[in-house]
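Each of the next two complexes has chain A plus one more chain, namely chain B in the first and chain C in the second.
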Partner chain A sequence: MDSSLILSQLISGLTSAMTLFLVASGLTLIFGVVNVFNFAHGSFYLLGAYFAYQVVAVSGVGFWPGVLLASLGAGVAGVVMEFVFLRRIYGRAGEAGFQILLTYSFILILDDVVKMIWGTDYKSIERPESLSGQISFGEVAFPAYDLAVIAAGLLVAVGMWWVIRKTPFGRNLRAISANREMASSLGVNVPLTLSLVFGLATAMGGLSGALSAPVRTVTPGAGIEVIIGSLIVVVIGGLGNFWGALVGAIVIGEVTAFGILFLPQWAVLFSYIVMALVLVFRPEGLLARRGAS
Partner chain B sequence: MGRRGMMWGKGLALGMALLLCAADLAMAAEKIVIGGMYPMTGRGGRYGLDSVAAAEIAADEINAKGGVNGRMIDLIFTDSKSNPSYAVKVANRYIKEDKVNFLMGVVSSAVGLAVTEVSKENKVIFVGTDHASTGLTMEKFQPYYFRVSNNTYQSAAAAAMYAADKKEWKKYYVIGPDYEYGHRVWEDFWTLLQKRRKDVEMVGQAWPKLYEPDYTPFITAILKAKPDVLVTSFWGGDTVAFIKQALPYKLFEKMTFFNYDAGGNYEVLEALGKDMPKGLVLSARHHLNWPDTKQNQEFVAKFKAKAGRYPSYAAEGAYAGVYFIAEGVRQAGTAEDPDKLVAVMEKMKFKLPEDPEGFTSYMRPIDHQIVQVQAIGETVPNQSFPPATMMLGNWKVYKAEEIIPSEEEILAARKAAAQKK
Partner chain C sequence: MTGGKDGTRASGPGHVAQWGAALLFFALVPLSGRSFFVQMANEILIMGLFAMSFNLLYGVTGMLSFGQAAFYGVGAYTVGLLLGKGILPYPAALLLSPVAGALLALILGPLCIRLSGVYFTMLTLAFAELVWGIVFKWYGFTGGDNGIQGIPTPASLHDPVRYYYFTLAIAFPCFAALRRVVESPFGAVLQSIRENPERTGFLGIRIRRYQLAAMVISGAFAGLAGGLFAGFQRSIHPNMLHWTKSGEVILMSILGGVSSFFGPLVGAGVILFIEDMIGKYTEFWEIWIGGIMLAIVIFFPRGVIGTFDGWVRRWRGHVGA
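And then the complex of A and B:
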């Protein structure tokens, strides 16, 4: 097995990992801080992809500003969902059941909304001109766009680390995650912080969708496909753990990539096998839950 | 109006309403009711909505000419949700409550296999318009089932003839979605190709899950195997995603991409637009630009006028389905006697938009599978159907009789299936 092949598989695994990470980290952040399991999280990936199609391919906004707008749009949609709907069920008896029903129903609602606005055919946006080619390192060549996605994912990870660790908002977020009542009685504006966390997390999902739009299929139902992968990632990384999502995503991305290289006909299985192993030997996830920090 | 006047008014209104209902019932008894089941949500949604639009075009054309034997065609549609158990409920409701004369539709073969059981039990004819699994006409055949679009065997047989003629195609790699359809498309092809060529070998296979969003790790593995041909059974969005992701790896310059069952569907050409590479070898169950007959051009134009978009191949199947039913009822002189209908329908010939000059599609009694010509083309620049920038061209056309399983093959497959039970 030559090293160039291993390197190119490493990069392609890392690209899928970053897309997964952007969705899974939002999922885990919402769970860790807001204490909601947001089944509809994949739908914000879907919204991000369609918003990107709308602003880039239809309205002709440049690619990167378009991607930012799309992820902002998904974040706003997330805040609306939290503020108008989820907020009503916080603290209700049997909240978990309501959460599942409510967030699951949003998968169906958002899928239909997308279908009503954009129809059922596949949408497509082109890669930005500067990133449509390959970048070569010696004899190995990688799609330039994939490298940009990896860079964007890492940038978000570092940015999130800074937000969580170094800003007043991050301090509030960690306080709420540790003990919501205590944080509230110490003067943290809990409702506002929860809305913002929800918005931030769904914006990251939207960013993932927008970045995927040029290389994947933009179609109703795409949200459900990413939510399954993200679920595996958060289970592996530890539910509610932000860095767990990063580790989980990289593990899944690389295990799948190398699984395909050696045993392509069993490729579908690998991520599930890893998940099963983690559940057996470390059911709390690779990085045990220590709040959202 | 005084109080008494209002009472009268209400009484009259009620009377009118009752009368209208009675009239409606009388009308319903005379209509030919077709219960259509198509996915209208999720990935198959485009096919379902295209099928509905095309079926309505056919019904409107027939009704505008006075219907069939004086009876109007009445279409009802329900979202099958691509879910077999749900579709079975819909089919039962159609039969028991809506009293449909025919069942029609279904994009997914899994749903088709479930609905054909309902059709068999209730002796209600089920006309399949899009699902392609050969099983429905081979080992799972039942007399009340008909299929008016070609199946995977037919497209695979044409593909095997195409591949056999390409002397330089020796090393094959296959990638396709990991479910019945994906495997069947490949296996039918590979078995038939090996009968024609001894010097071909399979250098690798990969079966990602259906709707896999990310193919890049597969793409690098395929490049490593250096095949001459990449055979694939992707359809719809999976074909689109794979092509987009393989482009920066220059995969299409290193091997021929061969997606003969569904890759040439217009929605794929449309979605890829400028990203569609030249020289891919593709086909589909219907093409916008082949055959270049008046009937096909008119069908495409009518669809465009009604739906505001060009049709995916599912549309022509549904259009054919309605005409098949109408012609069957006309010849049998009944819509209520299933056995009489089957006797007529299984020998029917009828001209469809996808029939080239000098050929008319026909039903075969042994498997109730429509027999049609199959054309395989390469992507070539063609701006006539925007937003697609490539359409198929350089056609190779395969005769209808050469791409169907023989009667002995069918009987043997049924016998083998019966013994397994």
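And then the complex of A and C:
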């Protein structure tokens, strides 16, 4: 196998790793801080993708402003879900089960809302013109758009790290993650912070969907695929662990990209095998949990 | 979300009356003379058995499985493949469907119970999706997304009313068996795992062994339900293993009430009727199901039977006071 093929699979694996990371890190952030497993997180990916289609392909807004708007829209939807619905079941006995059911009902609802508005046909967006070509490094060339997605993913990763570690908001967020009651009695506005975390995380999911829209076709039902992919990622990396999500996403992105080379039909199996191996040998995830950071 | 302390226990004479009434009701359905009711009741019995198998994990043991459809589907495909390829007659194939469900649980269970709580739920979902993916893509063996049509069940079972009584004759003994499991010392351990896994462990009980056993029993009954469905419809499809199917039995159990034994059966009846009615008017049934579930979670977390019981108790309290 020649090295340029390996390199191009490497880059394609990294691209899907970044879109997975954007969803998985939001999932893990919500789990770490809000203490909710947002089963509907993939549906915000779906919303992001359809919002991007609406804004970019239908309304003709430029690509990058459109992507930002789509991400913002998904974040607003996330805040509404948290503020209007999820908030009512915090602290209820057997909360974990209710969380799953409530967020599951949102998968069903959002799936149908998307079908009602945009129909069931495949949708797609053109890549921005400036990124439609290839960028060559010596003998090998990579799709410019893939490189842009990888850069955007890394940018968000560093940005999130900065927000969590270096800002007052991040400090509140870590305090809540460590001890919600204590943080509250020390004057942290817990309800507001929880809503904001939810909004931030769902906006990241939306960003992932918007960035994926030009690469994969947008269809209803993508939400569940994405949530299962991110679930595998966070199990591998360790739920509630931000960098674990990055490591897990890269592992899964690459395993899938190279699996396609060898056994195209069964490529999806490989990520499950990796997950099963992690579960057997390191059930707490590759990076053991250390708070929300 | 875990059930009430008395919910899964027998309640003396009321208990016998409950069973008698349920059996009588189902036995009399064909007298209505409407094939729609017979078909519907048949489906309710099958889905009810499927939902009760789920509730052995959730309502009794406190393990929220989101992958129950894998066991159901594997049971159905056991029947579909063995009959379709002419290897075994229907009764023998049907007997093997719970074996297949139990075997799958024996393979996936040890992996899933390595983690608990939300992780467990998500692992069951992920592995069930894996099984679905294999069935969906393996055209050479399972027929892929064409499914299997025209499963050659014996002609004597083609009559809907006959098959209905066939289902009834299998489902009710299964309900009784499940009840026995719940009320046995083994079942008491399962319930104490639900209430407090840590303390149960302190008693020297190997929790994981019991959880695995619960998964295997649950998988067996789910597999049998799948086998019954394969004989009922005489056609099966990978959708039977899809995660939405797992979600459906969760919804049925929650709606009926996970802390009452017949709750999942009642829930199955309600959901199947709702699906049938909504299906006539709109293709967007998911949003209705999702909306109903959302309302239950927020307003009626104890399900139909639990909420009804609560009303009765409050009313009796008023009368007594």
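What to note about this one:
Just so it is clear, the second predicted complex is superposed on the first by the 288 of 293 C-alpha atoms of A that agree within 3 Å, B and C clash if a C-alpha of one lies under 4 Å from a C-alpha of the other, contacts with A are read in each partner's own complex, and residues count from 1 in each chain.
In the analysis below, a contact is a pair of C-beta atoms (placed from the backbone, for glycine too) under 8 Å apart; a residue touches a chain by one contact, two chains touch by 3 or more.
For clarity, every value in this text was computed on a predicted model and none was experimentally measured.
Partners chain B and chain C clash in the overlay (superposition on chain A). By the document's definition of touching, neither partner reaches A:Gly60: not chain B, not chain C. By the touch criterion stated above, A:Lys115 is placed in contact with chain B and with chain C alike.
Legend: residue contacts after superposition of the two complexes on their common chain; A:Gly133 is shown touching chain B, with no touch to chain C. When the two structures are aligned on the shared chain, A:Gly187 is found in touch with neither chain B nor chain C.
In the superposition on chain A, A:Pro168 makes contact with neither chain B nor chain C. When both complexes are overlaid on chain A, the residue A:Pro283 reaches chain C alone and has no touch with chain B. Contacts of A:Gly13 after superposition: chain B is touched, whereas chain C is not reached. By the touch criterion stated above, A:Gln265 is placed in contact with chain B and with chain C alike. Residues 111-112, 115, 265, 268 of chain A are contacted both by chain B in one complex and by chain C in the other. Residues 31, 37, 85, 88-89, 92-102, 104-109, 111-113, 115-116, 224, 228, 231-232, 235, 239, 265-266, 268-269, 272, 275-276, 279-280, 283 of chain A touch chain C in their complex. Chain A meets chain B in the complex at residues 5, 8-9, 12-13, 15-16, 19, 111-112, 115, 119-124, 126, 132-134, 141, 143-146, 212, 214-217, 219-222, 225-226, 256-258, 260-261, 264-265, 267-268. Put simply, chain B touches chain A in their complex at residues 40-43, 45-46, 48-49, 178, 204-209, 211-214, 216-221, 224, 236-238, 240-241, 244-245, 248-250, 267-268, 270-275, 309.
Residue ranges of chain C in contact with chain A, taken from their complex: 1-2, 58, 64, 66, 111, 114-115, 117-119, 121-123, 125-127, 129-130, 133-134, 137, 243, 247, 250-251, 254, 284, 286-287, 289-291, 293-294, 296-298, 301.
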